[in-house]
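Here subunit A shows up in two complexes: once beside subunit B, once beside subunit C.
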Partner chain A sequence: MPELLTLLLVFMIIAAILAIESEDLTSAVVSMGAVGFGLSVCFILLRAPEVALAQIVVEVVVLIVLLRGIVSVKPKTGPEKPDRTGLYLGVVLVGLLLVLSVYVAGEFPQLGEPSFARFPDSAGETYLKQGLALTGAANSVAAVLLDFRGLDSLGEVAVLFAALLGVMLLVRKNPRLEIKVEAESGPNGAPVEKGAAKVSEGEPK
Partner chain B sequence: MIIYFLILLLFAVGLYGLLSQRNLVKLIISMSILECAADLLLIAAGWRANGSAPVIAAGQDAGQFALSSVDPLPQAMVLVSIAIGLALLLLLTAIALRLYHEYGTYDIGEIRRLRG
Partner chain C sequence: MKEGMSLIVKTVARWVVGFIFLYGIYITAEGHLGPGGGFSGGIILACSYILILIAYGRRFASRNLDWRIARIMAGVAALSFLALAMLGMIFETGGNAHFFDNLIRKNLPGTAFHLFSGGNIPLLNLALAILVLASVFTAFVLLAAVRFWETRGKKFFSSLEDGP
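For the complex of A and B:
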């Protein structure tokens, strides 16, 4: 099992490097999809089926959204000069992180021995032992999400709602132009839609 | 041990992308890779060798189940994190699209130059 996981992780790292370094934005987005789907296979191997399903759904949506983001991008005209400062800073910081991670990876608990098993009456163990009796849910993850930590889920939904409000504000047509046209069109508000469309078409590129 | 190191390597790749790239779409992709690495680290920390998924079988003893299952707590938290990651990516993409409509480019250096 760890061998398969190692292979998948190497695949994911190669796909991540391709996604970051590739010149073409479409291939970068597709490589990121490879990382995400590899991640969901990792979740299945690590015995987390719900997380794997959620990851697949999210990854599909992410691919569609990002492809929508790059579909109208014009090809670059001039040669792009690389940002040297960011490159050097990136290399130095990542090297530092890797050196530190050698020590940190040694300090982690052994893979395959969950840390919750070492402490009696830890949260995870309590959820496993009493989840069925207290909540009636055979699935411990569902019991934790919807019952033991229901307020967390409420906060999550609030964050999702706020983010979607922000997206709706950002992706609609230019609000200032619409308001101006509405004010100009006067009481017979019928031509507002037409006028708004005309103005946004005539917007300078 | 090697698994943890590889996950941290994936994290480092995402961090490198975040620091070195100038294209907004590449920055969003790097952020997403960082998230993937963090989620995988949490799930791997709760894994039990030869353990079962945290779903109790019919008629199984709860005490026996607690000794053989993986940790459900990181899985629940990673589920929340994945959903919030999706919301974050939607918001970032909306901002990037808006910037593209205003400036006609995804390059952050170019955007900074055009603003001044």
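For the complex of A and C:
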């Protein structure tokens, strides 16, 4: 299985490089999708179906949104001679990281070996062994997410809600937009006090 | 109806969308028994509505799920998640009251490995699924509105603001 995993990782790296380097936006988006689906296959191989399901579903939605978004975008041609300083710096940093990670890699547990075999008093052992008895949920991931670590899920709910609020603010507080709406309904004699109050905030171009 | 995509896309979407919705409900409902849960199930449910929106156009989709109703759904779902979490704090059982106390399971312990088990974990999953469905769908509709605003002008957005 590690050979298959390595093959998938190499495939994902090639797809990621293609996504950056390709000229066509559609092929870049499709390469990004290849990275995501390869990652979900990796999760399945590592026996994490819960994460794989979430990954594949989010990947589909992101691909739909991106493909929908790039339909009307014309690609811009880049500069003739791109600046290579950042690339060289990145290669040096990644090489340094690889050299350092060689020293750390010996300390990692083997693939498939649970961490509480090495650390007997860790919280993961309690979650796995007594999760069903303590919460009544057969899926220990759900037991951890929504019972033991429920506060983290509450934080995720807050983040999602804040993202929704951010999108709504981004769209509705467009000053250009409200001036146009006011200018449209003004001459008809419609009551526009709400739009008129907002015109004073936004600066017309 | 001139909106939306071609007849082939509409027909296939009409056949498929019910199954996608059913799969989302299944993933949400068995989140405490197997792989799945509120996040994945909610995004699958949102996928079915996004499919309707893309295939049939915005006017048909707003008859199924309007984004003004969806934003209220998101707020209600987030509040109910918080209320379920605070339920264990308010009604204490046996002298220890804490946040995210699984109160429902203490009073109604279901059979393990059955659908009615786990106390408020399925309910939290349901609230999470409704929140994810509503917020992903609303974000998609509103971002599409911005893109149309750039291309087609004010007609699209003023129809969003005024209502059907």
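Keep this in mind: the second predicted complex is superposed on the first by the 167 of 205 C-alpha atoms of A that agree within 3 Å, B and C clash if a C-alpha of one lies under 4 Å from a C-alpha of the other, contacts with A are read in each partner's own complex, and residues count from 1 in each chain.
As a working rule, a contact is a pair of C-beta atoms (placed from the backbone, for glycine too) under 8 Å apart; a residue touches a chain by one contact, two chains touch by 3 or more.
None of the values given here were measured: they were computed from a predicted structure.
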Next item on the list: Have a look at subunit B and subunit C on subunit A after the superposition and call it: clash or fit.
Entry: fit
Note to self: According to the stated criteria, A:136 is in contact with first (subunit B), second (subunit C), both, or neither; which is it?
What the structure shows: second
Item checked: Which superposed partner A:154 touches (first subunit B, second subunit C, both, neither) -> second
Margin query: For A:16, using the defined touch cut-off, is the partner it touches subunit B, subunit C, both, or neither? Pick first, second, both or neither.
Written below: first
Checklist line | Partner chain(s) touched by A:64 [first = subunit B, second = subunit C, both, neither] | finding: second
Note to self: Tell me the contact category for A:24 with respect to subunit B and subunit C: first, second, both or neither.
What the structure shows: neither
Margin query: For A:104, using the defined touch cut-off, is the partner it touches subunit B, subunit C, both, or neither? Pick first, second, both or neither.
Written below: first
Next item on the list: With the two complexes superposed on chain A, say which partner A:89 touches: subunit B (first), subunit C (second), both, or neither.
Entry: first
Notebook entry, point to check: Of subunit B and subunit C, which one touches more of subunit A's residues?
Noted result: B
Next item on the list: Please state the minimum Cα-Cα separation between subunit B and subunit C in the superposed model, rounded to the nearest whole Å.
Entry: 6
Notebook entry, point to check: Shared contact residues on subunit A for subunit B and subunit C?
Noted result: 49-50, 54, 58, 61, 65, 68-69, 72, 132, 138-139, 141, 143, 145, 153, 160, 163-164, 167, 170-171
Notebook entry, point to check: Can you list the residues on subunit A that touch subunit B in the complex?
Noted result: 1-2, 5-6, 9-10, 12-13, 16-17, 19-20, 25, 28-29, 32, 35-36, 39, 42-43, 46-51, 54-55, 58, 61-62, 65-66, 68-70, 72-74, 80, 83, 86-87, 89-91, 93-94, 97-98, 101-102, 104-106, 108-117, 123-125, 127-133, 138-141, 143-145, 149, 152-153, 156, 159-160, 163-164, 166-167, 170-171, 205
Margin query: So in the complex, the part of subunit B that touches subunit A is made up of which residues?
Written below: 1-23, 25-26, 28-30, 32-33, 36, 39-40, 43-49, 51-58, 62-63, 65-66, 69-80, 82-91, 93-98, 100, 104, 106-107, 109
Next item on the list: Quick one: which bits of subunit C touch subunit A in the complex? Just the residue numbers, please.
Entry: 27, 31-37, 39-40, 43-44, 46-47, 50, 54, 71, 74-75, 78, 81-82, 85, 99-100, 102, 105, 109-110, 112-113, 117-119, 121, 124-125, 128, 131-132, 134-136, 138-140, 142-147, 149, 151, 154, 157-158, 161
Note to self: Can you tell me which positions in subunit A touch subunit C when the two form their complex?
What the structure shows: 49-50, 52-54, 57-58, 60-61, 64-65, 68-69, 72, 132, 135-139, 141-143, 145-147, 150-151, 153-154, 157-158, 160-161, 163-164, 167-168, 170-171, 174, 177, 180-181, 184
